[in-house]
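What follows is a set of structures for review.
Paired with chain B in one complex and with chain C in the other, chain A is shared by the two complexes that follow.
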Partner chain A sequence: MSKHVVNPDLCTACTVCVAHCPVAEVVREYRGPKLSGPASERLRLLSPQDDASLDFCSNCKNCDISCPSGVPISTLNMKARAKMWEGKPEPQGRKMMAHGEQMGKLLARFPGAASIVNLGMGLGKSLGMMDMVGISSKAPLPSYASTTFYKQFKSFKQKSFDKKVVFYPGCTINFNQPEIGMDVVKVLQANGYEVLVDEEFVCCGSPLVVGGYLGEANENARKNTSLMNKWRAKGYPVITACTSCGLMLKQEYQELFHHEGMDKNAENIYDIMEFLSMLDDEDKLNTNFGQVNDTMLYHAPCHLRAQGMGLPALDVLSLIPGYRIENAAAGCCGMSGSYGMQANKREISLKVGEKLFNRIRQAGVKSVVSDCGTCRLQIGDGAKVQAIHPVQIVARAYAAK
Partner chain B sequence: MKKSDVVVIGGGLSGLFAAAVAAQNGKKVTVLSYGAGSLTIGGGIVDIMGYADGNVPFATPIEGVKNAPEGHPYTFIGEDTVKEAVEAFKKMASAEGYAYQGSLDEMQWIPTAVGTLKPTALVPRTMDVAKMEAAKKLVVVDLAGLKDFSAPMAAKNLGLLFPNKTIETVKVPELEKSGRDMTAFDTARLLDRADIRTMFAAALKSKAGKDVCFIVPPILGTHASYVAFDDITKQVGAPLVECAAVAPSVTGIRLRELMLSILRKQGVVFIEKANVCGNIVENGKVVAVTTKDFGRQRTYRADEFVLASGGFYGAGITADQENVKEVVFDLPIVAPARVEDWTNAKMFSDAKQPFAMIGIAVNEQLQPVDAEGAVIYPNVRVVGRNLAGYDFCFEKSGNGVALTSAYKAASLIVKGGKA
Partner chain C sequence: MEKVTAIVIGGGATGVGILRDLAMRGVDAMLIEQRDLAHGTSSRYHGLLHSGARYAVKDAEAGRECIEENTILRRIGRHCVEATEGFFVRTVEDPEDFEAKWVEGCKNCGISAVQISVEEALRLEPNLSPKIKAVYRVPDAAIDGFRMVWQNVASARRYGAKVRTYTEVVRINSTNGQVTGVTVRDYFTGQEYQIACDFVISAVGSWAGELAAKAGLQVGVQPDKGTLIAFNHRIASRVINRLHQASDGDIFVPHGSITILGTTSMAADKADDTEPSVEEVKKLLNIGRVLFENIDDYRILRAFTGTRPLYSADPNAKGRGASRGFVTLDHAHDGLKGFISIVGGKFTTYRLMAEKAVDMVCEYLGNKTPCRTAEEDIVEDPSEALMGRAKKFFPVHGASLAASRLGAEGLSRVVDKLEKQPSSRQLVCECENVTLAEVEEAAADPTSFTLSDVRRKTRMGMGTCQGAFCTYRTVGTMVANDLTNGQDSKELLKDFIEARWKGIRHVLWGNAIRETELTRGIYEGTLNVNGAMKK
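On to the complex of A and B.
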């Protein structure tokens, strides 16, 4: 069904990916994408191999972005790693981070639970309990919002429009940053769209893949795909506002799994900034913006760059009067999902992000814009600035009118 | 994406330079690139024309351009344009703080990793061969743990080339513990750090002195700046000359950084992982190209298009048993009729490889033409390794053809038509 065959033989051994891997740059024990991905895959196809080096891969996809031959290097790594971990003891931290959705769902059921857990995580960090399960006590961890996006959405009065879209918030926005989801809704409303949500959707599965839980990820993919099929049949576009969810739903599903409709759904899923930028192309974007007198830096998430759509946030934000934004172009932030939250990866993650942090400090800005939730966490922690989603600026510009 | 003035397909040197020249002249440019281009492996040294048929070196690069064989891209790029392009490139690089040296009137014979010499035209300051030629003693740096470079072998071969010079090696201990083989690029990354530079310079200092020149692999920093190079040179107190080496290519990575930085300043839109695979034609003109990978097809509209997709090596031209195909516009390919005739049986002979000459036929405006010479799309220009009729590897002309054809294409676009 998927025409994207995971074929290591596409590799010509040119080494371009090695030069672009941010982890290989800072970790000299890591053999790098070419060897751990396609080169080892050929051996793995003959007989199972353990490669301890695979543990270093952050699934950031810079290898895929640089490869001239279309080798799905990072996915080869993720598959091989899951296989390697199969049947071995699961570290508690890895399990927890792969299953963030379970925690979020649990907390959402009890009023006040989120703040207690946030406090608990803070305490756990200070008591070193997180380190004991493999989660870094030095890493910024996402805190849980007191009211989930889905709950806030229910009490929001929307204007009704003929044009409808379905918003897929993903775990980060639903449980941790619902305010971004609400801005997505407001911005779409300002453009004449009515927003639907579907609470049947589950986690895209990206954290599960990284944690080696391919079977569970496949279940999520099956479930989401059948729901997406339904919305596509109705002719409603699906909107995401997390670039890792977007990448997973559109690309990694096709690389990893086989469910009817995945490829067609990939054509029907839009990142919110891409959606706005496309409206602008057709001169249909509501550009009735007020002044936003601010200067910020933009960090392009690797998982956005991997999608081949350019940087639509820059296209849209450059339309706002008074507002100035420049692309940091300083590479990977180092967080890559939950990679930088692992106790034994925190230091690597900060080293990878150093170029970006320096660039931010040099620019002297107070706020950085980025489309990815974990990039924002890392930037906030590493460069001590406020980090926001581009749609929040758009919402601010509408509100300023 | 809103319509651009120019869409460039390919992010190798020819695409990046065409974009820079067009943008510098006020054009709104979008670059679509799938993969990082061959600069990462190919090298940032600009060969113009090194060897004539029969492996005879040209006296100067411009001699090579003037005497390019029939059908060679230089014959329709033209000598004047080659000169302008070289000047434009040097000016651009110098304005960014990473000046290139060399000219069309002097062949630079730079050392390779195995201690032979290869002819080229423009090099970064880290490869100032005059320093090597002037020295009485060459000291080859032997860095522990570095792969793809044998200092004793390089020293031995340099000894054969320069019988009147004293040749030595100097051992440098491993700069940092490593769990894998260190490439020149890994080492260059270490030397981006001031503390490592001090260590490195200290190891060389004992052999420094009057009339000494150090020969090093390309490791003197990864950035398009001379900060690392100048710092090390100052600390050592004697000149260092980098040699050309294998992939990943440090000089190529520096040049790529330089070009990308220029493009950013000029507001060029650079789209990564954009797999261009189709086009839209209206009234005989291309109005858009399309990309497709995992999601939707995306459309990029423009008035003018530059096809810089790298030919066979860059995947702009693909081949299977029956078909050779240009992937974006399905342009005709000039190739020997029988696949068996593609390779010269003597792989390392002193003749060009027919398969290397395979490419797209163009007219003097770099527009693609059919077998009868008729223009296929007037607003498409073909540049770099896409062009038919030259073997960059044999004659040493790769980045030269890339830069000069890109300059010509961009200039034609800026001038709005014919040269």
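On to the complex of A and C.
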């Protein structure tokens, strides 16, 4: 990756990114990626000034995906925005959403606390307290699980294998959806892998970057990178099951920070579905699947598409007998991390997701598969269907045998 | 016949400086320029408002002149000067013994040169090579040639001066050794006519020899060619000089959104010999790499060339002016009363040059009004209220950029339009943040005849895309608003793209070639300007 991430020189002003930005499509006030990213970057180097337009960017990365010149547009936006917010009062909601890991850790220490908080958030929403801090009372918020993934993992009896991988669950799976993490473990076991975890790992930093806390994100990157270096030296691949974590660890670290080993680690980190699809390519995937008689729609998260790995979930799921799945191909769901949870972004977020919701309604399916936790929240809320992670289907197929 | 007291020939820095000074002293004056304002060297130069540090060792007088004018211009010319400050950097390649001489020289000239640690310098300018040895801060600044010329004219006009562009002086008329006027030719119609006057002041820079010949006189000016490279963004936010004996390619000047590296130096045949070469560009990059190791990663927008008006004094000539940097020649000594030439000098010293030339004219006129150009701001500050209104329409950086391009008066007209006409808020040039209203304002000015004239007044087309997107948009605007002066819209498109291409073709590699292919696709493919695709 380029040494000069702030170097806006790659942009030819072709405007392709503007045509692909889902936010610019629905909000006239947003000037779009070309202007807020590389074009303004030249002017920001001239005089740093506030640009209200930057607040609209959801960091969904559709601009980066579409740019034929490889400009890290969204990262330019995030850096400029962090700089703009520096030293200004931080809205409570932004602070809370950027620091979900702290909340999760706090709750994990007290038995029963999660359900109280979940109740509290529900209560807070209905009393309009969330709106007061800038979090939408209409948005679906992640609820906290009573037992974290790390705790559940400890009491799980694994078969021991020579081949080992390290699983990086990330905050969403550890605190909110541990059952997905457990399915990751089971699926890897079924393929002859022993799973290790490393509780030293911290939040990848994605929510921190979006919230403008680049310094803290850098600290997280430093910590995670040195741990990943260690596992890489042992020859153990690292597995993720959240596409935003994956993107952060593999790509955005290199665009934002400078730590030894980040580039090499990027080649050692795999999304779980990417990993399974690779096993299949090498004819090593355990395809001893049972029948799963269901029809579902697949939504490819933007942060998965930004990694340029194809759609491995579709490759793998199509091997399951009885199971039918089709790509929705309806763009961004609109949630983009915590973007759609912000009170002043909820409406934009729903407008962006409209295409996808319509597609789901028309397909008439009851369940939608997607690799990203916040996409699943949005789909559940926007299209009123069940939303699940692809590895959960794989686990079901193994269990059905 | 039209008649004025004084005619100034040449719409460069020197000419507009003289025009403003004459007008401020109440002399009825007209400026005549063969093409657009700043057609000559004043837009094909480095844009460094010298602190004088570059001359501190070799030419202390020039050094002192520079720091005085630099101080004045940073004050009165706030709207065209960017007070960036400058670094003098000693690299591994620069001899160490020069440093002490230079520090001493700066002291003698009254130029503040403060040493800072290499670490501090690298913190302030992170793209500099970490191998640098010593760094000093000096009060260098950047000055925008287009804007400065344009703003001086706006000020002169307020004092009643007249300006005629696209009008070439073809003859200096006289009877009995006294100037009576000039014969001029309209560039567009080819028509010749006369304008009467008592004084002709030649401020034609590198053309001084050619013009004097039109009056049957000789002025020893040798045009000297220098090439510069414009980079797409600000590599540094300060002027970066090499701390060594002044030489080729050793200065980087940040200019608005871009950076300019220069310059080369070689004798030129003609004043308008302004064709850069690939060899010169490569030479500049090789020298520049010592200061910025990553120079090859930075995108070059274009290369351009200007000619310096180097004056070689004829030792037998009389009436020489005071300074070694420039001279004011009173041709009464050569037998033609009322004809004055001002030659040599620098952009930095234009105001001083103008003052000396106008002193000479006023002496003849018995006009005792003192020169006030060092006191009065060239253009007024836009009011806070006006800036507040502007910020509603311009993208964030646009408001201050537009203010510095237009001055308070122009900005106020543009903002009025933006408020009343929502369609005029559209950005015609995204790279440099230029709105439709501003393009219309520039296009409607009496000195605008071509799209390139609008470009020079607005910076439209001078950013990243080098006209790829704004050209067709602007032509559309001009056609829709009857601003084409009867020119064919296809020709307008071609002229503009052609003018941009002139600077691009010597840097056709890397990102520039990708951009050019995109531009070619738009104009040759989609718009079919060359008619390659038959109906």
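Throughout what follows, the second predicted complex is superposed on the first by the 395 of 401 C-alpha atoms of A that agree within 3 Å, B and C clash if a C-alpha of one lies under 4 Å from a C-alpha of the other, contacts with A are read in each partner's own complex, and residues count from 1 in each chain.
The rule is short, and it goes like this: a residue touches a chain if its C-beta (ideal position, glycine included) is under 8 Å from a C-beta of that chain, and two chains touch if they have at least 3 such contacts.
Remember, predicted model here, so these are calculated numbers, not experimental data.
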{"item": "Chain B versus chain C as contact partner of A:183, first or second or both or neither", "value": "neither"}
{"item": "Touched partner set for A:69, first chain B, second chain C, both or neither", "value": "both"}
{"item": "First, second, both or neither for A:52, with chain B first and chain C second", "value": "second"}
{"item": "First (chain B), second (chain C), both or neither touched by A:14", "value": "both"}
{"item": "A:309 touches, of chain B and chain C: first, second, both or neither?", "value": "first"}
{"item": "Chain B versus chain C as contact partner of A:31, first or second or both or neither", "value": "both"}
{"item": "Partner, of chain C and chain B, that touches more residues belonging to chain A", "value": "B"}
{"item": "Which superposed partner A:39 touches (first chain B, second chain C, both, neither)", "value": "second"}
{"item": "Shared contact residues on chain A - chain B and chain C", "value": "4, 14-15, 31, 69"}
{"item": "Contacting residues of chain A [partner chain B, same complex]", "value": "4, 14-16, 18-20, 25, 28-32, 64-70, 250-251, 254, 263, 266-267, 269, 277, 280-281, 305-310, 315, 327, 329"}
{"item": "Residues of chain A defined as touching chain C within the complex", "value": "2-4, 7-15, 31, 34-35, 38-47, 49-53, 69"}
{"item": "Residue numbers on chain C that touch chain A, as the complex places them", "value": "232-234, 237, 254, 256-258, 294, 297-299, 395-397, 400-401, 427, 430-431, 433, 463-465, 468-469, 511, 514-515, 518"}
{"item": "Interface residues, chain B side, partner chain A - complex", "value": "1-2, 34-38, 40-41, 176-180, 182-183, 185-186, 189, 247-248, 253, 260, 264, 269-275, 291, 293-298, 314-315"}
